[in-house]
Structure formats: structure tokens, C-alpha cells
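Take a look at these structures.
Across the two complexes that follow, chain A remains constant while its partner is chain B and subsequently chain C.
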Partner chain A sequence: MGYPHQPHQRETTVLSRYFGDAEARTLAGWKSRGGYQALEKALAMAPADIVNVVKESGLRGRGGAGFPTGMKWSFMKPGDGKPHYLCCNADESEPGTFKDRELMRWTPHALVEGCAIGAYAIGAETAYIYIRGEFTEPLYWMNEAVKEAYAAGIIGKNAMGTGKRIDVHVHKGAGAYICGEETALMNSLEGRRGNPRIKPPFPAVSGLFGMPTTINNVETLIAAIPILMNGADWYKKMSLSNPKSTGTKLYSVCGNIERPGTYEVVMGFPFRDFLYDVCGGPLPGRKFKAVIPGGVSVPIQTMEEAEASLMDYEGFVAQGSMLGSGGVIVIDDAQSMVAVIARIARFFAHESCAQCTQCREGTAWTTKILERIRDGQGTTEDLDTLLDIAEQMTGKTICVLSDSCATPVVSGIKKFGREFGELIQGRTYVSVIEAVA
Partner chain B sequence: MTAPVETKMITLTIEGRQVTVPEGTTILEAAKQVGVLIPHYCYHPGLPVAGVCRMCLVDVEKAPKLAPSCATTVAEGQVVTVHNEKSLEARKGVLEMLLINHPLDCPICDQSGECELQDYTYQEGREDSRYREPKRFNPAEDFGGDVVYVPNRCILCTRCVRFMDDLAHDPVLNVSERGDRALIGKFDGKDLTHPWAANVVDLCPVGALLSKDFLNKARAWELDRTASICPNCTQGCNVMMETRENQLVRMRPRPNEYVNAFFMCDYGRLNYRWMNEKDRVEQPMVRQGGALAPTSWERGIAAAAAVLKGKRVFVAASPMLSNEALFLLAQLMAAGSFRVTEGDEAPLPGIDDLALRRERAANVNGAETLGFTKTRDLLGGLGQGDVLLVAGEDLAGIDAGVLAKASAIVVIGSVLPAATNAAVVLPIANFAEEEGTVTNLRGRVQRFSQARQAPGEARPSWLVLGDLLGAMGKQSSFFLPSDVFARLASTNKAFAGLSYDTLGFKGLPLATAQASGPKAPLAMGAR
Partner chain C sequence: MIPPAVGGLESPDYASHDHTAHAPYQPVFSAGSVARKELDELIPRYPQKMAALLPALWIVQRERGWVSNEGMAEVAGLLELTPAYVKGVVTFYTMYHQHPVGKYFIQVCTTSPCGICGADDVAKAFLRHTNTGDLGVTSADGKFTVIEVECLGACGFATPVMINEEFVESVTPDKVPEILARLK
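Right after this comes the complex of A and B.
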């Protein structure tokens, strides 16, 4: 997908409408496209009413977990005498995911507006946008947008002349995947090492600087704008499947596919049509082999599963995976699944924060075994060991990074075991002691 | 005083045993109360909770996942299982992972025998490893102070980091790098030179942080351990004196929430060699024809009694002597004084009222309570013609001219003071060689015990002084130091109500001391 952006006719461009439109980046351009009207409307509402509209709309977190946004906001009790904080998680680091980058590159003011609406709704006067360290271009545009919004009095001490204070700060991360985990993000913002915290306490009780905090994904916050403008019903109707998944979702598509890029479709869109029609199908002469539909943390799908999936929270789960962040990675028949999974494991081994034993040691161990198998030195015992390590790495640590490493390994071995078998070819492990004797 | 806040009590079941604990207690601490030790590494009752080793995972009924018992507080009616298959498998997994990069060099590791990784692996771990890859290697590093770091053995529990951050308030250590490359690092230009830094060696559950002083000196199983008190300042930290073949080789802190929590300072810890002193008086001696000649205890005591009897006695005592010895001494003297070596005070800021104290002796408070005068001029009170009784004092730096004022000198000590013309010398045990009590600066009376044997014929100070009192016709029938203490408690109001039995091994405050609660609660809450 190049720019100027030509959306596919089956896309529903709500959030991605101005992708490729350089004018939308500026305050004037954003305003002339209807920008900041939602904020104006929001500031005239009671915060609880905003929360209710978002609740009604069925909007769910777009960062991966899919937690209902309105409910998350309602955990913030107004008037508890403490400062509240909104953190925007713009540390988009999940391999295969680059939708937030596009949102920030092309519509930085939308994020400023979304943050302001979210902050006001949860009773926060301060919002932090924690942006991935490698995102130099989005960082530039976000800084520009915040500067412009302050200068125009849209945010600041007297936001849009309403006397309400909303500060938005952009914070550049230092390059750690784990800082996209919400509690690690807060530690990082506070100037500590970006290690996830033990929960409870949950951020809504004790978050940033020990105060009630809500963390939302970029896409989630921006989605609040059209919801406020057009109403919850309008948003709810944008679903082809079930009432639990509403609205549109951005997908970043990469891998062995004809037209990689960022796409926006309504919830419940058939994944088969998405892959073959919207994204143009496989490269010439190749065949799809597997798809990772939501960033590398989710289980790998076989093509059978992928083609039967509906693109929403429940649809992917029904077909053995998860919607995740919407980072679609397509793998075709020219690739070795073992090599792909080994590479994914290496990523997690590199990014583990090293707090929990299972994660620190398990991710690295998994990587070493997978790479050995990939290089033709695997043994039949290795697969059992891998599955057992994966079991140890699941559900036992502070955050889900180690679970995320185990997931593709388990699904990969279960669904593509033949490829592992071919590389191992019945070799069994002989210990040094046995070999000498 | 404000009314105590009513603490809600929670009843739960751990390993089939019912236990009732205050609300907010962790499962791990509650389990200890019913005699269940949940294996753990990163948790330490004196440090903030980290919850990172994942060793203390237990099965809580109805919970979807295993719970880290160090970071999970108790709930009413909870049913916790520590030793079922699910939690055992999880801990076995943690142990295997901790060992994949850990060298199996126990035979040359100082921690061997007191290593929690070793203990739990034998207890719950796999008999073999499935790890076939090369192990990670990092070179050992001098961390400054008394500490050396062996990263290969490190399990990243971060106890050391938390100690330096939260208790020493001197952030020197950090976790550097990520993933399995992670190791404990030192911030640029910083060293473990904090006066309390060596506690990280005790806190380290494995052999990653080692004491340079103790390095390769002894195996843990060769040591004899004696519960005692650090004699090196007036704080009175509770310690274990560890000996090998009758030589003190290490002192380590012993928990006492009223005095030192779980810690002791480096000065106290490393200052144990004097108790192994070599130039000892080993036999009673009397002056015959201008020279000191060995004699028997009976004759020595009799000779000393003869010198002292009917004379005005001035005592130069040592603040290292026990309450018992000082109490008996006080009955012999007309006047007595002592002096104390001084140094800089060095607090451990994370614990209230815990410091290496300026006065570097165990029983300054006891000596003053028992009527001795603290002075810089030790013999200032010595009258012309007095008999000088030197007890535990080496008289270093004392002018021979001042000594000449004494009509006679009797020495009761472990070493022979230089430049004395003693008439009688009675050898006594030093601090590590006898039993007794000392009174710390806050008036807490604490028992110390015998960690090594005194050389030659040297006897405990209380025994020698008891015999001397007897020989002088003053009533004396002491067979044990506890007898002396019982007499002290019955005659001195400050000690009223105390006895060896009630003192136990955590001590009690003097009747005259200000009462204070524990300074370090058993478990500190999560950060």
C-alpha cells in the first residue's frame, strides 16, 4: 500500500480516512475535517455521560486484550481527591503491528483529541502519550500536534475555553517491547526500569505515581471521537457478526502477501475475503501456509482456520487464535515454520525483562532449542522439552510475555509438527556418558 | 495514646491446617505460622516484596492460576495447597530453569551447604537437566567493600538490589541487561562501600555474592554456630558467631526485630579477629622475686585477695565485660571507671534506630548502670596508695608514672597489659569465650554465649570474680552465670524482674529503659 492512499472498496474507513492526506496533520487541516468537534461536545457533557456513550457503543480495547473501554473508564472513581492519569499506550512494538504508527503519522491531532476526551471522561487532568522509541516520524508529528493544540488553547490550563485543565505530554520510550505492557509502561514513565508490576493493585487503584490510572491504546482513544460524534448506535451497527464486537478495526498486514499495508474493516469481516480480496492474495506462484492474525503473541492459524475466521474478538478465538493487536502476518509455502517460530522466540528472548524465572530462562532456552532444530541438530526429545517448557511459561509469571513466547511454539508444534519432524528425522539424544560407554 | 486500631483477623486453611492471621498477611507468612515453609528466593521478610522468582507458587482453591504466595494476601476461607502436584510441578520447573545457566560448581562454592538453590533442588527438583546448550558465562566482578559477585551463579532474585535501594538508601546495584543476559550491575563509579553493604552477602540465597573475608576459608558444614551478640558497638546486634576448629571465622546477623532486624554493619561483622587473639595469658601468675611466675588458681586467687583485702580498690574496667563481671567487680571497688574507643556513627537508614554506634564496645550502658564512670582519663580517679584492679583493660597509652600511684596492681584479663608491674595476674576468657549478658544503648539486656574455648587455664570472668569475692570473705556461691545474674536482678532495681529464662535469645529491656515496639515488622508490605 503506497500513498496517496487508495482504500479498497470493501474497507470502511473511519479512523484511516485521512491516511495519506498530509493536510490532516496540521491543526488547520484537522479542524477543517471536523477535528476537535468531538472534544468540544465532550467538554460540554458530564464525564459519566461520555463513559456511558462509550460503554453503549461496545468499544473494546484495540491494543490486544479487548477489554471493554467504557467499563475500564468507569473504574475511575471521580472526586476521590487524588490526581487521575490517562496513559496512551503508543509503544506499538508487537511484531507485525503498525496501525498506531499510521494513525499517529497521518492524524496526530486525532490522538490529541482522543486523549483529551479520555482524560476528561476519567477525571484526569494529565494524559501521557508513551510513544515507541523507534517511532521517530510519528514522534515528530505528535510533538507538532501537541504544540499546535497548546498554542490554540485546545488543551492546557483552559481547554477550549471551558476552564477545564487537560495537559497532554508526549514521552518517548527507550526501545523496549515490554514497555508496552501497561504496568511496565508506568514504571518507565516514572523513570524506573520498565519492569511489569505485580497485579493487584490494578492501575485503576494504584497506577502511575501510585494514583488511579487508565491505559488505553492509540486506536481505542481515537475511536472515541466518531463514537461521540455519531452516537453509540451508529458504532454498534458497524458489525457484521455479533454485538460483542462492534465498530471498525485497523489491521496491519505483512509477510508473504500481495498487498501488505494498513486496512480498516468492520468487525466480523470474513478473513478469507480480507486475505484474498482486500489484500490481494498470495504472491505469484505461492500458496498461503499459515497466518498469525493478531501479532506474534497469538496462536498461529492454519489456512483452514484462517479462512473460516470472522475478523472480530470471538471469531478468531473460535478458530484457534485471537484478534490481538490486528497485526496480520502471512506466511507462505516458501517459508520454514520452524525458522519463523524460532525467530519469534528469539524476539521474546531478547525482550524479556528478566524478572520472572520462567520467562528469563524459558524464552532463551526455547530459542536455543528451536534454532538447533532449525539448523538440523534437533532430537525427538526436543519437542517434548519445548512443550514442557511452554507449559512452565504459561500462566505463572507477572506479565504475559512468557505466555506470548509459548503460544506460537505450542500452536506451531501442534499444527505444523510435520515440519519439525522432517528436520529432526528421528534423531534421538545421546548423552555424552552414553556415547562414551 | 491513641486506641489501637482493631485488626481484622482472617482464618484460612494451609496444607489442611487452619490458621488465623491479621488481614493483609501474605500466604507465605501465614504458612510459616503453621510450620509450612513455602520455598522461595526473592522474598525476604526484611525487604519489599518483588514477586519475581515465581518459586513460591501455591495452589489456591478456586483460583484459575497458581498464586505467588509472597505477594498474595490471605482471604477468609481460602484453602491453600503447597505440596500438590500442580504447584510441585511449577516449582520443579522454576528450579530446572534456575539451574540451566547455573554452574554445578557446588564443590568449590562458598555457599554450598547453606545454599537455598541446593536445598530446594534436593528437596523438590528434577534429578537431571534437559538443557543441552552451552551455559551463559560472565566473569566474576569485585563489587567493592567486602563483596565479590559471581554472575554465573546469580538467580536474579534482586534481594541485593532492594537492600541497597530501600534499606541502605544507596542505590549502587541494578539489574543490567534483559532476558537471560541479565545480571546484577553496579552503577558507574559506585561501589559497595556503604557501611552496611555486606548484608547483601547474607541476603543472597545462592553463591553469587560472596564475602571476600570468608572466601574459601571454610565449608558451611564445618562451622559451629553460636547465638551471640556483636561486641563491637553499643547497638548490640544479634549475631551468629561461626567457628571452625575453635577459631572464629565469620559473624553473621541473627534476626531480632527489636534490635537489628535482619542485619549487621560491616564494621561489626568483620571485626572478629581480636576474639581469636594469640598473645594470651594462659595461667594465673604471681610476682616472685621481681618476676611473674605461674601458679595454681587457688594460690592466684588467694594472692589477689591478700593484695586487695583492707585496701581502697580502684577498678579500671572494660566496657567489653559482661553485666555479671561488672556487677561482681563493683562489689570489690571503692571507685571504678572505664573508657571507650570511638568512631563515626553509621546508620542503616531503612530501619529506625539502627546504626553502627559511635561507642565501640558492647556494654557501655551496662557499665554505667552498674556504677562505673565513663571517662577519657582512665586512671584519673586513682588515689595515691590505692590498689589498682585492672579488669579486661589493656592500659594502652597509659603513662607508667600514673600507674606508680598505685600501691599494688592486680590484673584480671585475657592479655597482659604492657608496662605494668602487676602483683597478681588472673587470666580470663574474652567475649567469645564465655557466657553472660550485655546491655545495649537503649537498655536492652541480651545474652551472649560461648563460641570458642578459652586458652590454657583461663576462666570465665564471672567465675574468677566470684571466687575472688569468696576468698575475700564476701558471700559468693555462683555455679553458673545465671546465678550471678539472678543475684544482680534481686539487688539492682534496673535489672529487677529479669532472668536468663525470660531474656531468652532476643533479650528484654531494663526496668528503667523506655519501652519501644519492634522497629522492623516481620514482613514489610509490597512497595
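Right after this comes the complex of A and C.
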């Protein structure tokens, strides 16, 4: 459906190079663009050497947490006599994020290749790609790519004629945001309700089917391909900022902005230039008011913070937020922040798996209060209650969905308290929008 | 004398409790069927049979349009689970229909990023033009069911609408009549 934009001259297209190139979707097209050379190279290396290259490159998880990928892979102990598994987390559901969708739609073979490399590196013979059920088009292309790769002997019993077994299977989810949480994803894949598991044990010890498992995001696995082809140094040098954030990162940009879409820039790129130049700035006659740089789970930034941010793991933290999944949501002056935050809370209330009390009760209660304030029925005590609930919801549950709901509430009240105040003093949602506009 | 039935409370004709009145359940995975073949290929992908549960339920929904209790019981039997367990799993996920839906199942994303781009008005336009009246209700002719969905993962193409298996992107309220006209 939606076609990607022409890359902006300040983008560095490593992973997104073939977006919009329909031929790159087929095996023949992928191979003629250098596809599966990295896998061939990998299969001739010792798994530990692959892990070392990835470690050396500084690649960090692109799904949200930013854990060093090479280190994660090194937790998988070779020769422990147990089957190992690789899970690819393609349950992209963090509102604002749609980069993995583009990767799978345009370069499905890249993900097959990345999964095969990752599986081999961690001593796994089987990789499962868990794709959210709503992603019908990515599912179609991934299934096609896997079928083609099996038929060509690239994966299977005798991957690329090396005698090594690497199976890659696509598994379709069925609608649940929480299945993007790694242990919930494993439960779901096993045929259970998608409830997150208590950690420890961590997946590397007891993951999918109780066996040592590594779980990586789509973008992370695909990034291993250029790293193996061009070397760790090449990757490390693609950073404008600090040695802890290396390479390129995909950002999906949405909300009230001139050119929404998926962009790829090097780590440390100035966020101000990104928003105003690369993505075209605000819509005509409007002004940016706030940005959520990494999906709705990360703290909301004011424009002062956003404009001072460098786009990497440390840069966003230094300006009161997080890189997260790279889902940039831009909010302009025609929006009520209270309404935006209330809608975010409603999302989390809908997606809570309801295992933990703080989350089950907290997300729903938070939503109720925020919607009351939005509708002009709030009281000043409501703000205290919200902050109190948020505290109870933070750091006390099995997974971080609860924390993720509290985060925008706390940052929203702190940074945009004036808008809450205006509504509580008896003014309505519409009158605030008019006043701000 | 038996008092006359209060308006609207009499049992409709279809509300029969006589199970023999229903057509007997036809299995989805009957021997030799395409569905059975698919399931037989799926099971060895996993070290445990139970892992084929979500894929098996997807096959049931594809074949029947929804996942009935009988469908759940059939899957349970094939995967050596209990019907109650399967129901527990089905109810966790939003995409399995536990009752029949319209021929065109329309999901409008109204989560925050689309919400600030006018998604609520798109949802309202679908409700108005399909005559379904309310979210989740199927139109009288059985053609349409409209629901709001949480984040379809296509936020850059606000507002995305999923109609059965197809994504329609960058939908605005004025495009709705034209989109619906294509659905026969």
C-alpha cells in the first residue's frame, strides 16, 4: 500500500536502501543486490567469531531496550546439550512504530538472512519469526521469502550446502500488544495466553519451550548483515556522537508533521534537523508542541528538550526521554495534551494482560481520571491521585506495561501541567484547543 | 387465561434450544481436507503440539469466518488439549472472532498517533455510511462490522483501516463512501 518517500540527502540508507524497490522482495532480486553473501560468510566462520564481530560493532537492540546484541548472543552457551532457539520479535505494536513493517514488506529476504545468521551464531537450529496478526502484507512477503529460501536450499537441513541445519518459521500472532514483550511472545508462541513471565529465569537460561533462547528485534537481526559484510569498524564509525551508540537507526515518524514515514539516519544525528529539515517541519500554519521520540512508552519531550536532543540511546536520555523503538510521534499546537495522554492511557488499559493488580487496576483507573479531566470534570485532587497511582504502577509488576502507562502521565503532568490546570478550572477540551490554536 | 406476550420479549424464531434444530457441526480438519494437510505440516515445526494452537485457530477462522465453541473443541481434540484451555487462549487475543461478523470486517485505528490526525472522525464516518449504528454491531444486511482497533502499526499513513485482510491507508472521512462503494 503506502509507498516510501525518496530518501532525503541527509539520510544514510543502509537497511532502508531497497525500500520501494519491488524486485528486492524476490530471491533473485535479493541475491543480485548482494543478498545471502553475509550468510555464506557467516556459515564459514565459527559462531563465537560472529558474536565477537557483532560485539565489537557496538550494535544494540533496536526494539526498545537497547541491550548490546553481541553480549546477548554470548549468553547462549555452546555445547550445553540443549536445543537453542532464536525468536525474532516482529510483533511491532508500540504506537508510533512501523519500521519493522517496512523492513519486512520491502526486504523480507534480509530478515530470513538475519535470522539464519543469528541462529547459527547462538547455536540454534530453529528460528521463529513472530509477526503480529494485523501485518497481513509483511506476513505474505515473509512467507514467500521463507518458501523461496527453503526451495533454494539456503535454509533447511543443509543450509547453503554446509551440512548445517537452520530452520526459519513464520508464526502469526493474533492481536495482543503485550506479545511484543519477550516472555509473553514466548508464551504466545507455545500456544498459551500471552502473559509475561517472571524473570529470572531469563530467556538465555530458560526461554522458548524451556530452552535457552535469544530474542531479537527485526531491525537488529537485519543490521547483522552489513556488519558482517563491512566489518565492525565500518559500523562503529557511523556515529556522530559517542561510542556507545553506533551505526544507523530507523525511525518511523508520524503525527502532525509534513512528511511522515520511515527514515534512516546515523546515531547522534541532531533531532532538530531531523524534525525540521529531513521530515519537513510542522504542517502549514501550525507549530510543534511536543514529541514522543520512541513510541508511547517513553517520556514526552517538550520542544526545548527535543530540539536539544541527539538521536541516540544516550542523547534522548539526556533530554528527558528515551530512544525506545524509534517511533517518533509529533504533536502540534492544535492538540490537547490531556486528550493525547488520555488516549495513550486508554491504549494501555486495553492492552493490559491483567495479571498484576497494579497494572490491571492502574491502567483503567488512570484512563478514567484522565478522560474525566479531558471532559472538564476533573478536580485538583485528581492530579495527585494520578501521580500516586503512577508511582504504584512503576517497578512493581512482572513486565513494564504498567510502567509504560505511568511514564507519559508523569512526564505529561510535569511538562504540560498548565493544560491540565486549564481544564480542571472548568474549561473544556474544545476551548483549550481554541485558546492554544 | 395466558396473558399476551409483552412486546419485544417473545422468543424470536431462531432462538431454539433444541440442538437437533441446528445443522450438525462439520469438522474443519476432516481427513483429506486442505486444512488437515496444513495442520499436519505445521505441527512438526514445533517441539510441542500445543504450539500449533494459534495457527490452527487461524485456519478455523479462515474456513468458517469465526471460531465457534465447536471449532475450539475440534482444535482441542487434535492438539490434545481441553476445550476450556483453548477457550482461555482464544479469549486472550483480539483477532479471533467469537461470533460471526459482517462480510467486511472494518477495523479503524484510533490510537494516539492516528487519533491526533483525525481518526475518530474516520471511525464515525464508517459507522454512519455502513448504517451499523455502533461499534461492533453488524449491519442488518450482514455486510459490515466496524470496530476501533488499537494501533495497526501503520502510523505514518494515518488513518489506516484494515478491511478483512487488506490495509487501506491515509483514509479521511470524505474517502469513506468511495471505499465502501468498492465493497460489494
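Going forward, the second predicted complex is superposed on the first by the 420 of 437 C-alpha atoms of A that agree within 3 Å, B and C clash if a C-alpha of one lies under 4 Å from a C-alpha of the other, contacts with A are read in each partner's own complex, and residues count from 1 in each chain.
By our rule, a residue touches a chain if its C-beta (ideal position, glycine included) is under 8 Å from a C-beta of that chain, and two chains touch if they have at least 3 such contacts.
The structure presented is a predicted model; accordingly, all values stated were derived computationally and were not measured.
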By the touch definition at the top of the document, which applies to A:Gly133: first (chain B), second (chain C), both, or neither?
second
Is A:His350 in contact with chain B, with chain C, with both, or with neither (first, second, both, neither)?
both
So in the superposed three-chain picture, is A:Ala176 touching just chain B, just chain C, both, or none of them (first/second/both/neither)?
both
With the two complexes superposed on chain A, say which partner A:Arg193 touches: chain B (first), chain C (second), both, or neither.
both
First (chain B), second (chain C), both or neither touched by A:Arg10
neither
Between chain B (first) and chain C (second), which, if any, makes contact with A:Pro260: first, second, both or neither?
second
Once the structures are superposed on A, label A:Gly96 by its partner contacts, choosing first (chain B), second (chain C), both or neither.
second
Greater residue coverage of chain A in the superposed arrangement, chain B or chain C:
C
Identify the partner contact of A:Lys236: answer first if only chain B is touched, second if only chain C is, both if each is, neither if none is.
neither
List the residues of chain A that touch chain B in one complex and chain C in the other.
176, 193, 350-351, 353
Chain C partner, complex, touching residues on chain A are 1-2, 83, 92-98, 101, 132-137, 167, 169, 171-177, 188-194, 209, 252-256, 260-262, 296, 327, 329, 331-332, 335, 339-340, 343-344, 347, 350-351, 353
Enumerate the contact residues on chain B facing chain A in the complex.
49-55, 57, 64-66, 68, 71, 90, 93-94, 96-98, 100-101, 130-133, 155-156, 174-175, 177-182, 526
What residues of chain A sit close enough to touch chain B in their complex?
176, 178, 193, 198, 349-358, 360-365, 368-369, 372, 381, 385, 388-389, 391-392, 395-398, 429
Under the touch definition given earlier, write down the residues of chain C that touch chain A in their complex.
45-48, 50-55, 57-58, 79, 81, 88-89, 92-96, 107, 110-113, 115-117, 149-158, 162, 165-170
